[in-house]
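Several structures are given next for inspection.
You will see two complexes here that share chain A, one where it goes with chain B and one where it goes with chain C.
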Partner chain A sequence: MPPNVPLINDRLVLWVASELHLLFAAFVLGAPIFIVVCEYLGLKTRDQRYERLAKETMKIVAIAYSLTALFGGAMTFVLVGKYQEFSNFIFQRFYPVFGLYALLLLVESSLMYVYWYTWDALAGRKGLHISIGVLLNILGTLVMVLMNGVGSFMLTPPENPAAASVWQSLNNATWTGLNLHRFVANISFGGFMVALFASVMFLTSKKEEDRAFYDWMGYIGNFIGVAALVVLPVAGYVYTKEIFAYDATISTLLMADKLAWFFVIQGVLVGLLFLGAVYYMWLSIRRIEGGARFRTYIRGAIWVSLVGLAVWLIPQTFLPSLTADPTGPISEVTIPEKTIFLGLMPAKGLAVSAMVVVTAFVYLLYRQAIATGKMAWGRIDVKAQLVLTFLPAVAVFTMAFMGPIREMARGQWHIFQFMADKTPYSFITPLGYAAIVAGIITIVFFLLMGAIFWLGFKVGQH
Partner chain B sequence: MGLFVGGLLTGRRVWPRPPLLNGALLAVVYNLTVVVAFFIGSFLEILHEPLPGLPQGDSTFFFAWPLAQFVLATAGAAIGGRMSVKRKMEE
Partner chain C sequence: MRIFITVIAVIAAIWVVPVFLSDDTGLKFGVSYRVLFTLFVMFAGFLFYLLGAPESKPFKSTARAVGSAGLVFVASIGAIVLLANLSPQFAFEGQASTGASSEDRGKAAFFDPGVGCFLCHVVETSGGTRGPDLTHVATVVETRRQGMSARDYLKESLVNPGAYVVPTFDNIMPPFGDRLSPEQLEDTLAYLMSLR
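What follows is the complex of A and B.
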């Protein structure tokens, strides 16, 4: 990309291509876990809805797969063309890893198509079809784990990266944390995307029977999304601890310096996910016979989530960084002395743990309501379906916003304290810029997903 | 440990109703009480910063422990429920 094109530069192109690749990759890795579980449940419970859910979701995955590869290719082109020193080093260092990656990707892609195209042919041999799905997921996870090794190496390389073995480079200080975080996040993301698909189909369905099915599908998608979301902060915590143990200056940059405000916004976004999930359950529990009696508890949980969100929003200071001019105009904006503790980690830790705990509690309440009352599928408040479109939008924006935080945590390095980023773009962008880019990525992703839904379910019906 | 035992006892008592919710409620009430107490104590400036025995800015105590307590109380209730079922069947 010519550097003189207004508003567009190499980093931005790489940023957008990488994020779109990661978003689609998260979907095609997370959703199949969900799909195989549903197919298995369909076989075990003889409930045909699981089978239909699994098959319809797989149809979307099959189309989204090619877009994942497309954006992966775009990302590689920019890396090779514009970041030659870095890409030369990384492809040479991880040559066997990339070789294995290509091989696994080939087998995984083949299995994905076999799994999709034999759905009807193997209807009488479900055990075999589910086994193919399980194998597909194992390979998908391996592919992700390999690339996480390369990504985490850039932030936390071993001592003397040029001389380290491939295994030492791969098994770096934050590989485990990143694997854990991405694995859980992919499941949550897959669940929310299924809920999005269900809500779109619910809102556009004309038949009562379809509305009942898509209401149920949205419930299952949200159920899985929230179940994984509740675990996600723990995975994030493990990952952050690993970063802190590797080099505390990275953590300082993330939590107390130039990226601290990014984390405040990230906290708000994650808080919105929890709040949205609880709000969905509050709205939709009314369609369960006898469920209304639980609403008082859920209302309490909404208040706890709102207060938690407010605490998360309070910064330590309003200064943009630790080295900012402490006498500048922004220094006049201060937090009342008595409430400064709300901007510190203990208060934030308690706020987020309270949000997680009440969300998990509401989740159990909802299950209890279903176990004891009769569900009127399809009679859901339309607002609850809109929440199911809001949650994936926030999830996508959060992922698009968190990606650059992890990248910018390296500061002015391609590979932390080993290979400097000598391009003119090796700086931490302003918060507003990052938010606009994340917003554009979210819109593009939704437009593409909309096109996939349209192709798969509207065009195909005529 | 207290929450686990509490969950276990409530789980045994509430049978044949599902026990999980009771253990979870126990943990929620405990957790929110601690949060309110900490916030009031910090606002009135009667709490030490950091709390005695904790390093400055410790996140494990404030983030990981409440989640572990929730898991323990819920697990306790589940085990208590199972023990109750076993006991009733033996009777």
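What follows is the complex of A and C.
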């Protein structure tokens, strides 16, 4: 840390508050999407497991909602108190947006409580209850889209930001990409969190029928998490392409300068998610009668994923930034000339595409196994439940890690090339520091979710 | 056992083969890469060990089960944080030096992340390669456009980069007329003109 910057400073407090707000918001936006889908599937298929999954997850969402608001408030207080020039401008520029945001939030909150508290009362009118859920999701998505406009404005403001209209400020170069990426990521995140609940409940269940249900719930949550995950690289690519089209210097900062190694770690994280998902399939396919015959193909898929991950990880250079001086011979830290293509985007794109395709292939194999064999829910290797703990941990850390990457892409600007950050905290933090903060945020988030979970399922059991 | 032997053999190959490779082959990976490959092979070995591991028995108690899940969680996060901290790091940024001369201030502006010139242009060995190399730019552009001095050419490149785009490069440079104050613009020009 620079000597004139204290260990706990305004920027760090804002960082933690906004990340926790984002993580809880991602959960209360992502989970209801598939809660409503599950409720609908329960109605269509008359499979009561979907109904139970939807209701039990909604219990957690209802409690998590207040923490979302709490950290949103904390984030706003720090912004208004410590970054007054910036917050004055943002609130004045986006005043109608914040007004609409507050109104939508009020309606969304009311709908959320109506959706939860009428669950049993509207048991005979499922169509109406599901409609309330759909409306809840639409409002939640709109709330997210409005704030994405503010966030994306900070990175890619329109030409002449001082004179731009509200709509021009909102509809900036990266609004669409951020909306798409966050929408899909929220669904994936919601799925993994449900899988986590299921794994904890499985591990703590005493009855066979409960274990069978939570095994199934873990599978569904993981399926949703991975199904959305395979789309995320495309959404991320679209987003980054928009950033590049807006200003190439930002994308160079992201991919070649100080933030390049942040993306190498991101590659590790996403690779772990894909490999973890396939390993879960490897373990769980054994509980399907005749499912073991597919394991050879899953092993092949893991080989392809490992090669893809290796290509994805190979960096162009081990130097931490474009202006870093190597301490030894440059050849020791730079990729050999004949293999330079391994460090470029086409190779990376091919590698991640291969990982996505084989993961999807493994899930198709699993569906085939279910179609041709008998499933013994509950008879799953307990390592699979530990994988369902590993995946959400990595997913949440990835989100906590990617947020500051996007924020630091602005460099020393509150609003890129328009309003400078003149505080002592405007520096891009080193990779290790950012990872430590992301790790702390991840652990705090899970401790809070653990408390919510304990409140909902142990204290509130009836 | 077979996995362990395979992992050791591959790691040995990673470290021994380059010794016999000449630099002319263009395939000799440096120490940093060999360390990365070694870590990767160890991870792959661990994964294949897990694939071959027998089915685990259910936990004997709830506390053990939850404790194991918690351990996996903490170990996962801890390993990632450790990896990030062992990866290449740059130092925390200090205050940017403004320098006494216009040329020094221009150099500071050129390498200032807030301005961003170095992100696309290399000088000597520092900088990106999305744009032309500027190591000797003042000499190179002296005769690039007839009737235009090097200084005028460079000023136009900063203020209206699309007016002339060096062949084989894309027209992606943003205009810096609004991003740099008049003083910064003069300082940056002074620096660029010093690159002969």
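The definition used in the following text is that the second predicted complex is superposed on the first by the 439 of 462 C-alpha atoms of A that agree within 3 Å, B and C clash if a C-alpha of one lies under 4 Å from a C-alpha of the other, contacts with A are read in each partner's own complex, and residues count from 1 in each chain.
Heads up, the rule we're going with is that a contact is a pair of C-beta atoms (placed from the backbone, for glycine too) under 8 Å apart; a residue touches a chain by one contact, two chains touch by 3 or more.
Because the structure is predicted, anything quoted here is derived from the model rather than measured.
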Query: Do chain B and chain C fit side by side on chain A after the overlay, or clash?
result: fit
- prompt: So, does A:Asp247 touch the first partner chain B, the second partner chain C, both, or neither?
  reply: second
Query: After superposition on the shared chain, which partner residues are touched by A:Leu275: those of chain B (first), chain C (second), both, or neither?
result: second
Message: A:Ile63 in the overlay: touching chain B, chain C, both, or neither? Say first, second, both or neither.
response: neither
Task: May I ask you to decide whether A:Val356 touches chain B, chain C, both, or neither, giving the answer as first, second, both or neither?
output: first
Message: Looking at A:Gln385, would you say it contacts chain B, chain C, both, or neither? Reply first, second, both or neither.
response: second
Message: Per the contact definition in the header, classify A:Phe341: touching chain B only (first), chain C only (second), both, or neither.
response: first
- prompt: In the superposed arrangement, does A:Leu43 touch chain B (first), chain C (second), both or neither?
  reply: neither
Query: So, does A:Trp413 touch the first partner chain B, the second partner chain C, both, or neither?
result: second
Field: Of chain C and chain B, partner touching more chain A residues
entry: C
Statement: Smallest Cα to Cα distance in angstrom from chain B to chain C after superposition equals 7
- request: Enumerate the residues of chain A that count as touching chain B in its complex and touching chain C in the other.
  value: 338-339
Task: Mind listing the chain C positions that touch chain A in their complex?
output: 23, 25-33, 36-37, 40, 44, 47, 50-51, 53, 55-59, 62, 65-66, 68-69, 72-74, 76-78, 80-81, 83-85, 87-94, 111, 113-114, 116, 118-120, 122, 125-128, 130, 172-174, 178-179
Query: Where on chain B is chain A touching in the complex?
result: 18, 20-21, 24-25, 27-28, 31-32, 34-35, 38-39, 42-43, 45, 49-51, 57-59, 61-67, 70, 74
Field: chain A residues within the chain C interface of the complex
entry: 1-2, 199-200, 203-204, 247-249, 252-253, 256-258, 261, 264-265, 268-269, 275, 279, 282, 286, 299, 302, 306, 309-310, 313-315, 318-324, 329-339, 381-383, 385-386, 389-390, 393-394, 397, 411-413, 417, 420, 427-436, 438-439, 442-443, 446
Field: Touching residues (chain side chain A, partner chain B) in the complex
entry: 233-234, 237, 304, 338-339, 341-342, 344-347, 349-354, 356-358, 360-361, 364-365, 368, 371
